[in-house]
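Labels run A, B, C and D following the written order; every chain starts at residue 1.
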Amino acid sequence: MKIESKNVNNTLVLILQEKRLDASQAVSLKDEISEYIKADNQNIAINLHTVEFVDSSSLGALVSCLKLMGSRGRLTLFGLNKPVISMFKLTRMDRVFTLCETEEQALEALEA
Amino acid sequence: MKIESKNVNNTLVLILQEKRLDASQAVSLKDEISEYIKADNQNIAINLHTVEFVDSSSLGALVSCLKLMGSRGRLTLFGLNKPVISMFKLTRMDRVFTLCETEEQALEALEA
Amino acid sequence: MNYTNLIISSRFENTRLAALCATEVASRSFNSEALNEIELSIVELVNNCIEHAYEESVNQQVSIEFKLFKDHLIIEVTDNGKALDPSILDNMNGSFDFDPDDLDNLPEGGFGLNIIKASMDEVKYERLNDKNHWLLTKFC
Amino acid sequence: MNYTNLIISSRFENTRLAALCATEVASRSFNSEALNEIELSIVELVNNCIEHAYEESVNQQVSIEFKLFKDHLIIEVTDNGKALDPSILDNMNGSFDFDPDDLDNLPEGGFGLNIIKASMDEVKYERLNDKNHWLLTKFC
């Protein structure tokens, strides 16, 4: 799984490089983001703009990361393409995650 | 087959809108460009920048158009993507067609 | 009717072959929202065959048939793996019930069949001759 | 080995399903230039089955099997149509000979088999049980 990262103020921005998040990637998605959380990054914003497709196993991996973050800090997602937003809405996970359009909005949401 | 067109000086620029030129489109490709030639357009430049794939039936359709143009005028192609250039080179049709990179170069080649 | 049949080996990385064929076949009759629903359903279904019916044993086969009619698409998925308890499917109601504020208890799985039910117009399951047959229908 | 089998109906618009599967399967082992050669070969071959073996009668079937091994890909294409005269294939030498300056006599067809021969490492044709079998091999 290709993930680029950068620090902006107190936030770690993770930029996924995959077109599809499916069952063949779900485990490494979960493991790699979990590493960043365990490394004590308290604000994480994940950029999904390259992602055109998310299946339920990868959605589950993201939920698992959100739970791992728990009260340690905050996690937001931004740059979601239309089919990805639909997936979050269909499964009602749009009520659970903080979904932002742009990096700016994601940073604002985390630092609020 | 979606084709946009515009006139630049004495040249008709045809902008193909297809991602693939294959056997399911070859006949309409040939027929539609032939119409433009028969309508007495003496300089025609075809923009292939959307096209990622050309099979031999569509290549044949373009050859047929070149032959129809004959001594009436001139036909150039420009904006060819890598796989399309490979197809022209493989079949040695790069020696037959005038292939340009940009619209500017195509217009220059026609007006020279 | 346009008929297509894809047979893949039971590995998660091959599910995208089914997705590609489904969207290419369906693109001739469905809008982009419906295409997303079809792609998602086929991926969830084939993932389930690999994960549950074959319990992730590789080199088993999953067959996916596409029949595109004037006003609907039928997708038939067949595997030779373990049977499903049909009551599981019957008890899925296509909705997603959980408390969004109860972080610790958020579901991390169990979405697949509900997604398929919510995305397709008809979902049928049959066990026949030691094979699992899934029949998905979507109207244009 | 990763095994995939695609069966399409004999219509030119379905050839791109074969192209999609070929490039998806092969993308795991080949670079982009080789992928183009594989895509082109499979499109030319399936077009030929539809045009020549089935003489454009629709609703016949073309089967395309992909076997991806560690260091090579085998593609086997099968149809139930008319036989090929094998000497046609033998006489193709993978080169394109014509006079580029003789506009009136430029070839508008007859490229297909030469393209396949030039793009793949091995091309074999067999007639077996009233079926045409094409075997294409490409090494990584």
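Just so it is clear, a residue touches a chain if its C-beta (ideal position, glycine included) is under 8 Å from a C-beta of that chain, and two chains touch if they have at least 3 such contacts.
Note that the coordinates shown come from a computational prediction; the quantities given were computed from them, not determined experimentally.
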- Message: Applying the touch definition from the top, give me the chains sitting in contact with each of subunit A and subunit D.
- Response: C
- Message: Between subunit B and subunit D, what distance separates the C-alpha centroids? Give it in angstrom.
- Response: 25
- Between subunit A and subunit B, tell me the centre distance in angstrom, where each centre is the average of that chain's C-alpha atoms. 45
- Note on the structure: Note: subunit D sits from subunit C at a C-alpha centroid distance in Å of 31
- Would you give the residues of subunit B that are in contact with at least 2 other chains, written as numbers and ranges? none
- Task: Scan subunit D for residues touching two or more other chains and write them down.
- Result: 11, 13, 16
- Query: What are all the chain pairs that meet the touch criterion?
  - Reply: A-C, B-D, C-D
- Message: If we count contacts the way the header does, which residues on subunit C are in touch with subunit A in the complex?
- Response: 11-13, 15-16, 19, 32-33, 36, 39-40, 43-44, 47, 50-51, 96, 98, 100, 103-104, 106-109, 111-112, 114-115, 118-119
- If you look only at subunit D, which of its residues touch subunit C in the complex? 2-9, 11, 13-14, 16-17, 20-21, 24-25, 28, 59, 61
- State the interface residues of subunit B toward subunit D in the complex, per the touch definition above. 20, 22-24, 53, 55-57, 59-61, 63-64, 66-67, 70, 82-83, 86-87, 90-92, 95-96
